[in-house]
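There are two complexes below, and they share chain A, which is joined by chain B in the first and by chain C in the second.
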Partner chain A sequence: MDTITKEQRKAALDLMKANLASDSKFQTHLNACVRCGLCATSCMYYIAFKDPKYIPGRKVNLVSSIYRRYFTPEGKYFPSLFNARNLDAEMAEEMVDCLFGGCTMCGRCVKHCSIGVDVSYIVKKGREMLAVMGLVPKTLQATVDAAINTGNNMAIPTEEFVDTIKWMEEELQDEMGDPKANIPLDETNRHIIYTLNPREPKFFPLSISAMAKVFYAAGESWTLSSKYYDVTNYGFFNGNNEEAAKIAGYLYDETHRLKADKLVLGECGHGSRASRWEGPNLLKKAYDFEMTTALELMAEYIRTGRIKVDKTKNQTLCTLHDPCNLVRNGGLLEEMRFVVKSCVANFVEMTPHGNDNFCCGGGGGQLAMSEYNERRLKIGGIKADQIKATGAKIVITPCHNCVDQLMQINHTYKLGVTIKTVAEIVADALVLPDPASPHDNPADTAAETVADPLHTDSNSSK
Partner chain B sequence: MDIKDFEVDGDGFLTKPELWNEEVAKMFAKSDGIEEMTPKHWAVVNIIRKNFEEKGNAPMVRTICQETGLKLREIYELFPLGPARGACRVAGLPKPDGCV
Partner chain C sequence: MIISAWISIAALIWCIAFLVSYLIGLIRKGAPKDLSERSGNTVKGIIYSNTGAMLPAAKESAYMHLPTYTAGMIFHIGNFLSLLMFVWIIVCCCCNISTPAVLALILAALLTVSSLCGIFILIKRFVNVNLRSISCFDDFFSNIICTLFQIAGICIMLSFSNICTYTDACSADRLCLMNFYFIVAAILFIWMPLGKIKHLIYYFAARYHLGFFYGWRNTWPPKHI
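Up next is the complex of A and B:
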């Protein structure tokens, strides 16, 4: 980058000013780092490259040095004494390199920070400044543009999507031996509207039929939309909140249009977070319908006995990869293990796992950014070592973004494992009801039956 | 001829898809651990190439299955990195957007 224009600088500083005024958290966290350095060894990039530029505190410092230079008197008049820096071309280049290209926003450093600086939040604020300067890496922006313009991030035409769903429906009918087994499209007044990652219909549709099989077994009333089914929201990563809000709005509006009671977020870490936790902030309104993840829904089906699973059907040794946005940043640590351990006979944890787990290396939009592919595969080596140490032959993860990164790690580091979504593992363990009496009182067989408000309508609209 | 003679993006996808030919496909396949391009490999690659030339993007895996008569699982076996990072790259397409 040779230069940045006055307009670019002004746009970024105006945004910083507005963010400082509207969110006291921003100013607090910009001022909070005490430079203890504990975050360094929590970061996959620093562990893999040993380059100080990747230390999370240094990433925070990029943003906070601009804050000091332009928004504090001491930084304005004595910049070198107070570690204040101009927002110039060199600075912008470092920010792009470290905030876009050197962070998966996994939040592992936040957990290790001695005073709890929300590093990924500051990184996001830095990305927002780069976005108003027009400096989003182009492959990441292309993914957002596709979602905005077509309703899904792979720009799949509706007709081709529908063909694929019909194809999966035929496969499901064959497998179930039931011509009534279906994958409903654009049905109104169903209990659930389900969502997908576009890579499923485009290239990996078996996870769609797996979830359809689970819905079939549960006797669920559900539908897919043929137009707005994309659970991802790369606007959460490119730093453009207006675009993120527009994408989140697609699912909000479609849930209303189809008059569904509940939006079920498909297996996608950042997409779940972008809708469920960030959605109200983006849309500036509360959701007026229920929302849950496919993972929690399957947990509920198992817990209430609405589906029956037999773990002896999955004998191969399995391990679990915790997606950052569902576990450390999403709270589903126990729920995920409940589902997986109900469905596999042999399970081993990675070290570390759960809230301290390492990112797959593909988070934060990294998977969409070809510019930083080499770094992504190098930090993925940490995950490869973790997987290897378990001796597991199947790696389960409830996030399609993680699935893709793990597939590439599997190939690059010759791990010889299979990567599966949770729905695929649940589908493999399903004990299907007798076709003659599909859903006869499943609650009787539940070990720990809890009240299930959904069960009453389980047969209503098949 | 070597892969290094071609300009590729960070993910190893051909930057100029028009430079693609069968030799390029064989080289990319080999770098992915596919020692020999069998007729099944070629069938997949040719469909992807045809779709790209006609529509400017990668086909749905459904189209690949339909046109080649191959089963889904066969395609995953033929290209261990999957239809996108595996087959589309061998077919000389740019990297598809999204989580692939």
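Up next is the complex of A and C:
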């Protein structure tokens, strides 16, 4: 990058000014870092590369140095004393490299920061500044553009998607031995609208049939949309909130169009976060329908006895990878373990795990930014070591992005493990009712489901 | 009161005015607004953020760096003690009272330990390549001025405790000492709201926001699994 224009700088500074005027969290975290450097060893980038540019506090200071330079008197008049830096081409380049290419926004350093600086939040704000300057890495932007223009980030044509679903439906019917077992598409007035990561129809269609099997066993009233089924939202990572809002709006509008009671977010960490936690804030309104994750839904099915699982069906030693956006940033630590431990006979935790777990390395949009592939795989070495140490043969994770990164880690570091989603593990453990028995046929119980007091808004057509 | 004492009081007023303005700025912007459906308990999250989450066992920045963490904690205790001592010394000057010798000796001993910790952290910042790479003048100066304030406090306490016998000549030395103490205090107070010592305010705000964020999402207080 040779230069940045006055307009680019102005756009970034105007955005910072607007955020400063309204957001006490922004003001707080810009001023809180004491540059103690103790967060370095909490960040997998620093651990993997031992390069000070990856120290989380330094990433914070890239953004806060601009704040000091333009928005504080001391930084304006004595910039060198306070590390107040101009927003010039060199700075912008460094920001792109460190904030896009050197952080998965996993938040691990946040929990371990000696002060409590929300590093990933500041990284996000830095990305927003780069976005208004038009400096989002091209590959990431292309993913967002695809989602905006086609409704899914892999630009899968609707016909191809529908074909895949029909194929999976046939497989489901064969497996269940029940011609009524189906994968509904674009049905209205269903209790649930379910969403997918486009990687599923593209590369892992069996995970769709796994979840369909769970719905079948639960006798759920559900549907997929043939157009807006994409749970991911890379707009959350490219820093363009308008684009993020537009993508979040697709699912919001589709839930209304299909008149579903509940939006169920498929197994995708950042996608769940982007809708569950960020969606209402992006759209500036509280959602007027229920929203939950597939993980929570499966936990509910198991707890209420709506599906029966037999853990002895999964005997192989399993471990669990906690997606950062579902656990540390989503509070699903217990739910995830409840489901997995209900479905596997032999389980071992990684060290560390839960809220302390290391990111797989594919978060923060890294999987969409091929420019940083080498870095991504190198930081993945930490996860590889964690997996190896467990001795497990199956790694379970409720996130398709994590699955993708874990598969690449599996290949690169020759781990010889199998990666599975939670739905796949639950599907493997299902104790299925006998379709021959009229009282046992889940496809028939879909209508009964609507009478479930939990689903008070349902009507008889569902 | 000597003129340097007045200067330090003026500097303290400047400092408080700035810090209060930061605080008002934060309060004015209001509590965090979140339109998503809350899953946890923000009050419990904030309480945990300021209690359990700050325990050494909960943070890698503490348990993986125990010597630095311990030195940092002691240094910070010394800083707070020094600030309280400043108020006490001003009161002593105004009311012409003196500190009991035993108390003065205890305070001097405590500050000796904390200022040594400050020096340890300063040396680490100079020596450690990583730390140096993320440091600027403010980082060094903030540490130096706080440590100096503690050392000046030690000198004052020792003089209060009458460890030296004061002759008339010594009185001049003592005046010099008092001037030194109050000038260091004034520099510290002027610097405090400009440099990173302003985290005195922002630390608490950061813990609040973090507790709110994780409490809202049901991450904090952590679940036992």
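Assume the second predicted complex is superposed on the first by the 435 of 462 C-alpha atoms of A that agree within 3 Å, B and C clash if a C-alpha of one lies under 4 Å from a C-alpha of the other, contacts with A are read in each partner's own complex, and residues count from 1 in each chain.
Here is the rule we go by: a contact is a pair of C-beta atoms (placed from the backbone, for glycine too) under 8 Å apart; a residue touches a chain by one contact, two chains touch by 3 or more.
These figures come from a predicted structure and were not determined experimentally.
Novice: Could you check whether chain B and chain C clash or fit when both are placed on chain A?
Specialist: With chain A as the common anchor, chain B and chain C both fit in the superposed model.
Novice: Which partner does A:163 reach: the first (chain B), the second (chain C), both, or neither?
Specialist: In the superposition, A:163 touches chain B alone.
Novice: May I ask you to decide whether A:279 touches chain B, chain C, both, or neither, giving the answer as first, second, both or neither?
Specialist: Once the two structures are laid over each other on A, A:279 reaches chain C alone.
Novice: Taking CA centres, what is the chain B/chain A/chain C angle in steps of 10 degrees?
Specialist: So the C-alpha centres give an angle of 130 degrees.
Novice: Taking the superposition as given, does A:372 touch the first partner, chain B, the second, chain C, both, or neither?
Specialist: Only chain B is touched by A:372; chain C is not.
Novice: In the superposed model, does chain B or chain C contact more residues of chain A?
Specialist: For chain A, the partner with the higher number of touched residues is C.
Novice: Touching A:114, do we find chain B (first), chain C (second), both, or neither?
Specialist: second
Novice: Touch test for A:308: chain B only (first), chain C only (second), both, or neither?
Specialist: So A:308 meets neither chain B nor chain C here.
Novice: Tell me which partner A:22 touches in the superposition: chain B (first), chain C (second), both or neither.
Specialist: A:22: touches chain C, not chain B.
Novice: Quote the smallest CA-to-CA distance from chain B to chain C in the superposed model, rounded to whole Å.
Specialist: Across the overlay, chain B reaches chain C at a minimum of 25 Å between C-alpha atoms.
Novice: Give every residue of chain A touching chain B within the complex, in rising order.
Specialist: 139, 142-143, 146, 153-156, 160, 163-164, 167, 197-199, 201-206, 232, 268, 367-374, 400-401, 404, 407-408, 411
Novice: Per the contact definition, I'd like the list of chain B residues that touch chain A in the complex.
Specialist: 9-13, 32-33, 57-58, 60-63, 72, 80-85, 95-100
Novice: Residue numbers of chain C touching chain A in their complex, please.
Specialist: 22, 25-27, 29-37, 39-40, 49, 53, 58-62, 64-65, 68-69, 72, 128-131, 133-139, 141, 194-196, 198-199, 202-203, 205-207, 209-210, 213-214, 217-219, 222-223, 225
Novice: Inside the complex, what are the residues of chain A that reach chain C?
Specialist: Touching chain C: residues 21-25, 27-29, 31-42, 52, 55, 57-58, 61, 74, 80-83, 110-118, 276-281, 284-287, 291, 327-331, 333-334, 337, 354-355 of chain A.
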